[in-house]
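Two complexes follow with chain A in common, the first pairing it with chain B and the second with chain C.
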Partner chain A sequence: MRHLALERWARGSSPLHHRDPRAKIVALLVFLIALATDSHGLPWFALGLVVLLVTALLWARIPVWGALARAGIVLPFSAVFAAVSWLAGDPARGAPLAMKSYLSALAVLVVTSTTPLPVLLRGLEAMGAPSFLLDVGQFLHRYFFVISEEAQRMNQAAVARGVSGRQWGFGGPVFRASAGALAVLFGRSYGRAGDIHRAMLARGFDGRFRPLRTLRFQRADLLFTAVASLAPIAMRLAVERALA
Partner chain B sequence: MSPLIEVRGLSYRYEDGTLALNGVDFRMEPGESVALLGPNGSGKTTFVLHLNGLLRGEGSIQVCGLPVEKPNLPAIRRKLGVVFQDSDNQLFMPTVVEDVAFGLLNLGMENEAALSKARAALETVAMSAAESKAPYHLSAGEKKRVAIAGVLAMEPEILVLDEPTTFLDPPGHRSLAELLAQLPQSKIVITHDSRLAAALCKRAVFFERGQIAAEGPVDSIVARFGWDVSWERTKLRS
Partner chain C sequence: MHIPDGFLSTPVWATLDAAAAPAVVYLTRRAQRSLEENKVPLLGVLGAFVFAAQMINFPVGPGTTGHLVGGALLAFTLGPAPASMVMVAILAVQALVFQDGGILALGANITNMAVMGVLAGYLPFHIWGATRWRGFSVFAGGALSVLVSACLALAELLISGVRMPGSVLSVSLALFTVSAILEGAITLAVLRALEKVQPKTIHYPRPGRSPVLAGVALTAVLLATVGVLFAASGPDGIEKVLNLHAGSLQVNLLRQASTGILGLAMIYGACLVIGRVASRRRSL
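The block that comes next holds the complex of A and B.
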């Protein structure tokens, strides 16, 4: 089965991958706040942030173009709000909105592609996030893969019986049957999720995941937190001073 | 001597109304290994899922002297380890060693002790080198070994193996059979492979339509129900 690029990237090895998840979460929060609260120097500030994020991607040995393209997933959503702003007679708000949402998505992508989700959830737990929410997150992550794997199996079966890519298109014969296939997909995924849960119960699972390795916040993590948090703040201050 | 497993009058009906088990009586003595044979859908897997309380039917079940009831389930699940047919369902943690330690941590073991036991279990199944790998990067045979390690780490008294050689190629099949034969635990082996059944168990129980149709020495049960693949006896059109 093919697995998601993010999952594959998160299993890589680089200095950024080895940083404590809490360091990356703090740096991400500072980045998002600095970006969200900016109202003046956005184009230049945004350019600086792009450079910062691309540097992080290169440092983590993550394919830059692949990451930039994947962050674009938020653009259709922000485009709706940009269109609403434009229709409401405030077209100047549209572009910053799209820019901010894209950069936020790219920053989140840098963190999630250098930190396996279970480790990230452990970091959030150590920072006081409710464990119930985090367990739900872990289950969602696992079941997302269950559905993805079932979908790949069904697709292989369909292709093996002569279904071509074009027939999946809108109005094609397979498209008409896709509603049924979707129901089968969820039925099969539900059945498999039950099997997985049973296997977990058989090994004493009581509803709570227990990490094998405890997190260690080292000096390098502290240094990383300081540098990664100060960089967007310094960039913003520099841009604001230059424009003043 | 009290039996390792004692089941009396076990019946179970699925939600769709299918009667999966119908009055099953079963007994297994300490040190014994038993093969469960029978057609697909005859109730073998449903039966073993009752032994550690994953399914609850009518009738009584005792495992290692403990009735299979809610307060005893943690102890029973430690004593009776189940290796499921599809290893992909059993391996869900990010790395192999974390998956093997999963059950130990659920038992309340400290991290260091759990890590050391998980590593020892991986060594038993010759999978130490895969400790840091993601389970989905392993071959079918390797996944099966890691799934077995996850159960062995909990040091069960009874090992339940549901069609352990499914998805394995002949060398994988052979090496798994050798590994299982070395393990000291009592075993319940669900299989369609009469040679594996004979290699691991002396006694076989034949399931048919949710009931035990017969039990006895593996060879005689296999012969009675024609439960081997003998190509010499099969007439194929050329």
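The block that comes next holds the complex of A and C.
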């Protein structure tokens, strides 16, 4: 599955992997805001940001081409709106949309490919996000793989029984069979949730997840936050001054 | 419908982030209170179910398949607040792990799909779920959840300055309507199957809802979503008053902010008066 590469990258080891998640979240937000609020000299600013992000990927020992390709997931959406802008007589608007969305996705990818999701969620919790919501997010991510594989098996079973795309129509037998499969999947998921809860209670779960190690914001994290946050701001100011 | 970063203008994403943050905190507390005991696994696993459900295809036309979006189905089974919270978790994981939707645009996506989409989807079921119109309410809920989310996303893009010719807008609305009908049909089919397989998982509302309140609520939802697409581009009443009398406010941003705050204050005042009158009548 496509997301397994991200899991593998996040479990790597590099100076960027070892930084506190809060430092990376703050730097990411500054990066995204600097990019989102820019309106002058975007191509030059974007070029600088690409260099910055590729440097971060190399520093984190993450396959650069793999990451650049993965961030391209936003491009079909951007391409549609670029085409719509062109149809509306505003062709110049399409390129900035594509650049901003692609670079934002790449920046998020740099953070998520150097921080395992549970650690990232712990960082968000330390910054004030509701812990109940984050625990649900963690469970969701963990059981997504299990339930997805079950859904794929059900699809294969349906195909093996002779179901094909030709038997279409609202309320038809295939439509009803798909609804039944989904209801069964829902029932199994519901049942599995009960089993998991009982198992957790048996192991002493009291409503709180206990992390194996606590987060520690060190001097190196502070330095990283300062440098990584100032870099896009300095780049933007330099481009704006050069074009003024 | 997942808006990536870079598409929304700063006032739009910043406002929606500011609105979504307290909404998420409120919904999380409400979800925690409404569950009998700590049911983190239930919410997490059903969130994973909504993800996985998108892999089961529903044949709807020659060579065309659709899939469940799931916001309304979650609301019918978990209740509105836990369902909204699960949708927030889904959107956050999608943005972080799958790069599907932006981080700055997360507030907009949460408002569209997790808050407005889920609540609008639950509204018909809340009103007619305990009557003989239950089948219709399930279909309408599924359809409304998609229609409201899609129209809000489209409105936010238009407000942000993404230009769309009338023909593209019409085609988009037609596609949204088809998707909404499809979601309604799938939600109804799955809920009917679920009633046979595991009826206890459905969160039926209590009977005895006011039809007047129902009409007002549904009209408000439709006006707030579909209506905004057809809103006049000229200044409204409050803006006209400010344009005439706010000569000292030279900064455009400040004027827009004061217009918004004045509008909100007026709406708040009107709601406060209506609420007090209604509560007095009830206590008499």
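Heads up, the rule we're going with is that the second predicted complex is superposed on the first by the 180 of 244 C-alpha atoms of A that agree within 3 Å, B and C clash if a C-alpha of one lies under 4 Å from a C-alpha of the other, contacts with A are read in each partner's own complex, and residues count from 1 in each chain.
Definition applied: a contact is a pair of C-beta atoms (placed from the backbone, for glycine too) under 8 Å apart; a residue touches a chain by one contact, two chains touch by 3 or more.
What you are looking at is a predicted structure, and each value in this text was computed from that prediction instead of being measured.
Engineer: I'd like to know which partner A:118 touches here: chain B for first, chain C for second, both or neither.
Structural biologist: Only chain B is touched by A:118; chain C is not.
Engineer: Going by the contact rule set out at the top, does A:93 touch chain B (first), chain C (second), both, or neither?
Structural biologist: In the superposition, A:93 contacts chain C only.
Engineer: Can A:192 be said to touch chain B (first), chain C (second), both, or neither?
Structural biologist: It touches chain B and chain C both.
Engineer: Scan A:244 for contacts with chain B and chain C and give back first, second, both or neither.
Structural biologist: Neither partner.
Engineer: Could you tell me if A:130 is touching chain B, chain C, both of them or neither one (first, second, both, neither)?
Structural biologist: Only chain C is touched by A:130; chain B is not.
Engineer: Please determine whether it is chain B or chain C that touches the greater number of chain A residues.
Structural biologist: Counted on chain A, the partner with more touching residues turns out to be C.
Engineer: Please work out whether A:212 is in contact with chain B alone, chain C alone, both, or neither, and reply first, second, both or neither.
Structural biologist: The first partner, chain B, only.
Engineer: Can A:6 be said to touch chain B (first), chain C (second), both, or neither?
Structural biologist: second
Engineer: On the A-aligned overlay, A:147 touches which partner chain: chain B = first, chain C = second, or both, or neither?
Structural biologist: A:147 contacts chain C only, not chain B.
Engineer: Answer with first, second, both or neither: which of chain B and chain C does A:203 touch in the superposed model?
Structural biologist: first
Engineer: Could you give the residue numbers on chain A that contact chain B in one complex and chain C in the other?
Structural biologist: 3, 142, 192, 196, 200, 205
Engineer: Which chain A residues qualify as touching chain B in the complex?
Structural biologist: Its residues touching chain B are 1, 3, 11, 116, 118-119, 142, 149, 192, 195-196, 198-206, 210-214.
Engineer: Report the residues of chain C in contact with chain A in the complex, numbered from low to high.
Structural biologist: Of all residues in chain C, those touching chain A are 4-7, 10, 13, 24-25, 28-29, 31-32, 38-49, 51-53, 55-65, 68, 73, 77, 85-86, 88-90, 92-93, 95-100, 102-104, 157, 161-165, 168, 185-186, 189-190, 192-194, 196-198, 201.
Engineer: Can you tell me which positions in chain B touch chain A when the two form their complex?
Structural biologist: The contact residues of chain B facing chain A are 49, 52, 54, 74, 77-78, 81-82, 84, 86, 88-90, 92-94, 97-98, 101-103, 105-107, 111, 114-115, 118, 134, 136, 150-151, 154.
Engineer: Under the definition above, what is the set of chain A residues touching chain C in their complex?
Structural biologist: It comes out as residues 3, 6, 28-29, 32-33, 35-37, 70-71, 73-74, 77-78, 81, 84-85, 87-90, 93, 96-97, 99-105, 108-109, 112, 117, 120, 130, 132-133, 135-144, 146-148, 150-152, 154-155, 165-172, 174-176, 178-187, 189-190, 192-194, 196-197, 200, 205, 207.
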